[in-house]
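Just passing along the structure, written as structure tokens.
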């Protein structure tokens, strides 16, 4: 960390900051410029210091962090890419994994039908929500355990591993009995109670970026799970909230190369939420693969106009099959496969 | 809801939409303009329909909601302002309530000292965190139940009711044994599992706006608690995330009159998080009172430079006392008191 | 336009709105719902009415626009894609056009060298700034006319048509003597004086989206040029300003399919500004092609570390040549060529 | 400036950066931490170096600026507040200045009527647009010179100095013949050609923050005018663009104390654009005064429902008179007057 003193900081103020740094067990490196004195804080554990400790001291103008505040999620921690294996499907390899299925599990028939259709098109993981975070208390909230059972049955019939969302610490055990991957939704990216419990699980976690989560915060949230002992974390870009209203969210394509550079964890793209409108899902899915995503999550519904949630962004099985064919070409163009 | 058809929508497409509306139990009102056909959906329960149901239908260009998607939180539900009484302190009245205290309860001595100081300066509710949402897993996470006990002791000594954050459904019962008001933090504004449990409690809930929560979403989250049966909800503006980095958050002063217009619930301003820097807390606190806030939440720490969290935005007790004196003048200027 | 009246709007208030609509020459369509009266405004020229005219009338709750506020820029105006031909290079066709070159023209040698290098790698248009918008008055402001002359010489030597920025109405004539395409920078997207003058020119205009411009505003700015009589407008997505600071801007990949759907004008992607960091330019350039962009603009500098502006986002000629090879594969995968 | 090297930067890479710094005429200060080498760049003219010069060098991870990139606009340049006198009205003093009038000058009668009404209510500067930046080419674009003449006549009748917008370098001379203050609109905050010309004028400039302008960028734009030799610049907060759609813009109340801390220039608040809806103008105007604004700009129209522009955010003369009375109380509460 670097502490920039004000231009007229008194010697006593500089001394106090220096003392405080040393008290916390760090070494200092003092640089007196013409305009400002700058205090470098030296020590291996920069991620343990809070900037605000110094920002309130008299004479301090600003602090700047030199190292990232996360550790296990960073490239420095692991030079090689983390590969997560789920039911025989490795995620984070040359082969791009496509997770597909409906927003919500609506009935046994519906999820079984969708599972067979997405498998036929080439998906290798089945998604489906049983516990649904809905902005209105009056909306359908998911089938709960019943939905989990139908998902498990779909897995049995198709061989596809399943991913489903867990919204609360209360449900981790129950969801864990059925799912192959725990999904943490955007609204829970900073639900630290939940992240801590998932750090104790031995199943992979699919962590979605919050609607206004920075890339650094996403990695800090991953760090919660990693620090808890669970090394199987996937990072998902699903669109962020901006001023633009032509689409439901703004898919941050830049986040894909940034995450690949800064972290060793697999990166997943969710163009369904990233756009919010089915007609833009295909171009953005292709873009995500071109930019280097390791996996995609795509909402597919047998009849979007009848969907109980997120119909507007769901592909029909036909459109999904067409997209898979197109994605194979893009994957090949970037030296990967689907 | 209004459904705008595409300019070249086929008669069959229009017919299908009309059928679907009727199937859902609503009446329709058809308007054939020169360029577009528009279908009005008529019924008292507009907040129950999802836009996406229609947005995926062939020939539909767009849908527009006529009524707000919340009901009990709206002004239409209650013309008079809701007043919440906590330990003899009414919130939502002429007298502006000031909730003050440290970000975290750090020790018994520290919270007792702060409680006496903020009371002396005129605060009427004591705040302090025992369970802390921290972006880093390596940061201090709060004293937990020990912190709650110290808060209760501070209440006993000073007579100030207390407010403290609850982060997880697991902790609602425990926190409820001690606190007078449940605080829901910005990161949990859309933690629906938590909101549902709080809807079953019989203690007031202080609901913070999420970092990128819209005003409408804040009201929808309040609706979750209200619909659960708990009518004692306060809404807190605490700054939103924007592109500006000169301050930690951008305090949305507009939200105060908007919330007062659209809802009957008391509105609280948190200039500490709203700015993130102690030197801007006083001007923004005054602004919030001038704009019509019913209450303020302000972080006060006996020694901000030693604070275990949020030191940069905490006032010293002296600065807080000075601010309270200034706020009394502003309150009087807008026909209120502190 | 649709006018939603308040729930308790008086009959007189409704009547006044109706009168006002008729006075402006539109027909009305009245719908009395259970909760709200809704007034539809019918007429071919909805883009001519301002919402605010009605929003201030007593009893009005809200207005909603049915049609887009632009006309000539919309798909309704032209079903077929506009193709712009510049020096023998058609833009908006199967072949994706790559415009490359330095941020600023720094010297004769430098622009000639770069021109030959980008041509060799496959670029078909040469970019280079002679008039530079710089956030600091102390930064290099461009070579002015001298720079334009060097660009013209580079065109002569390589046969590449050139594009360069025009910042002010004062410079339109001068820049027009040299350039093949007028570039309007992000900061000038809503410089209406400039747009009006460009509407009178007979050379193509390359219009960049403003840092916080919505897609609709970008199309409205294009409308200024089109309405002036110049039908040769290209739309450029170059990254928008969001809360994310890991990259200089957030490239809005969604904007590409949205613009292709809503407008007939060619769409260009600028991944150099869209990311602001050279190491992310290649993945985002590939993504843009995968998503359907008609052209790319890419900053290339013979020695980025010595660049007088935007060095951090410039590719070396070697990296650019490598990128062009990769882009050819992506283009083929989406049925296009480079 | 501080240059942070990558963790595995080679000695040669460090050496190259050091050489480059010295070549540019700065001294260096090297600090070898356990994890990173950090290079401090020492010299009085940090605002002259571009970060990107170093960010592209091999082995460099990041650069951080120590000093602000502006100089004459900063508090360091002038400890005392700048006071600007316009037609006998000092701006930046104890007395808060209120500039009021219509968005556009619509006719002679209308501006004369409004001028008398706002003067009677206590306004001390008259505003009114003759050249109007409108997002649609089909909207009313202002009366041009005719409007300027009516404004001048209003000044003659009332004694109020006038402020009006200049949109283009072409119009500076003409507008300067009539106006007392040049207004630069939000869309032109980074129209550097215009700022340079205004730096040569000898009349005050009222500079509005761009819709997505940072506080630092606003000060950099002011620097353009100051560096040109015109020291009479006012800074105006007028709301920024965020994801919130309940109001037209988000008024950044924090910007007021930040600007007062970082700059010596007078700070003006524009709650009309800052909210975009007349019913929120009064609370936000009061908030701005409570937060320390030196002046207010408020749109007043004799008949907002008939306004040719911005009717939705204009106050009637009656509402404006009521607001002025309320503002006097707030001003007194913060030790100022109106």
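The chains carry the letters A, B, C and D, assigned in the order they are written, with residues numbered from 1 in each.
Assume a residue touches a chain if its C-beta (ideal position, glycine included) is under 8 Å from a C-beta of that chain, and two chains touch if they have at least 3 such contacts.
Only a predicted model underlies this, so the values are computations on that prediction, with no experimental measurement involved.
**Student:** Same or different, please, for the subunit C to subunit D contact, judged on whether over half of the interface numbers appear on both copies.
**Tutor:** same
**Student:** Given a C-alpha superposition of subunit A onto subunit D, how large is the rotation in degrees, taken in steps of 5?
**Tutor:** 180
**Student:** Just give me the whole-number Å value for how far the CA centre of subunit A lies from that of subunit D.
**Tutor:** Inter-chain centre distance comes to 38 Å.
**Student:** With centres defined as the mean C-alpha position, give me the subunit A-subunit B separation in Å.
**Tutor:** 26
**Student:** Would you kindly tell me how far, in whole Å, the mean C-alpha position of subunit D lies from that of subunit B?
**Tutor:** For subunit B versus subunit D, the centre distance works out to 31 Å.
**Student:** Can you list every residue of subunit C that touches 2 or more other chains, as numbers and ranges?
**Tutor:** Correct list: 212, 241-243, 245.
**Student:** Sort out for me which residues of subunit D touch subunit B in the complex.
**Tutor:** Interface residues on the subunit D side: 212, 214-216, 240, 242-247, 250-258, 261, 274-275, 279-280, 283-284, 286-292, 326, 329-330, 332-334.
**Student:** Taking the touch rule as given, give the residues of subunit A at its contact with subunit D in the complex, in rising order.
**Tutor:** These residues of subunit A touch subunit D: 2, 4, 7, 29, 31, 33-36, 38, 40, 42-44, 46, 64, 66-67, 76, 212, 241-243, 245.
**Student:** Taking the complex as given, what residues does subunit B use to touch subunit A?
**Tutor:** Where subunit B meets subunit A, its residues are 20, 47-48, 50-57, 69-70, 133-139, 141, 167-171, 187-188, 190-194, 196, 210-212, 217, 220-221, 223-224, 227-228, 241, 277-278, 304-307, 309-314.
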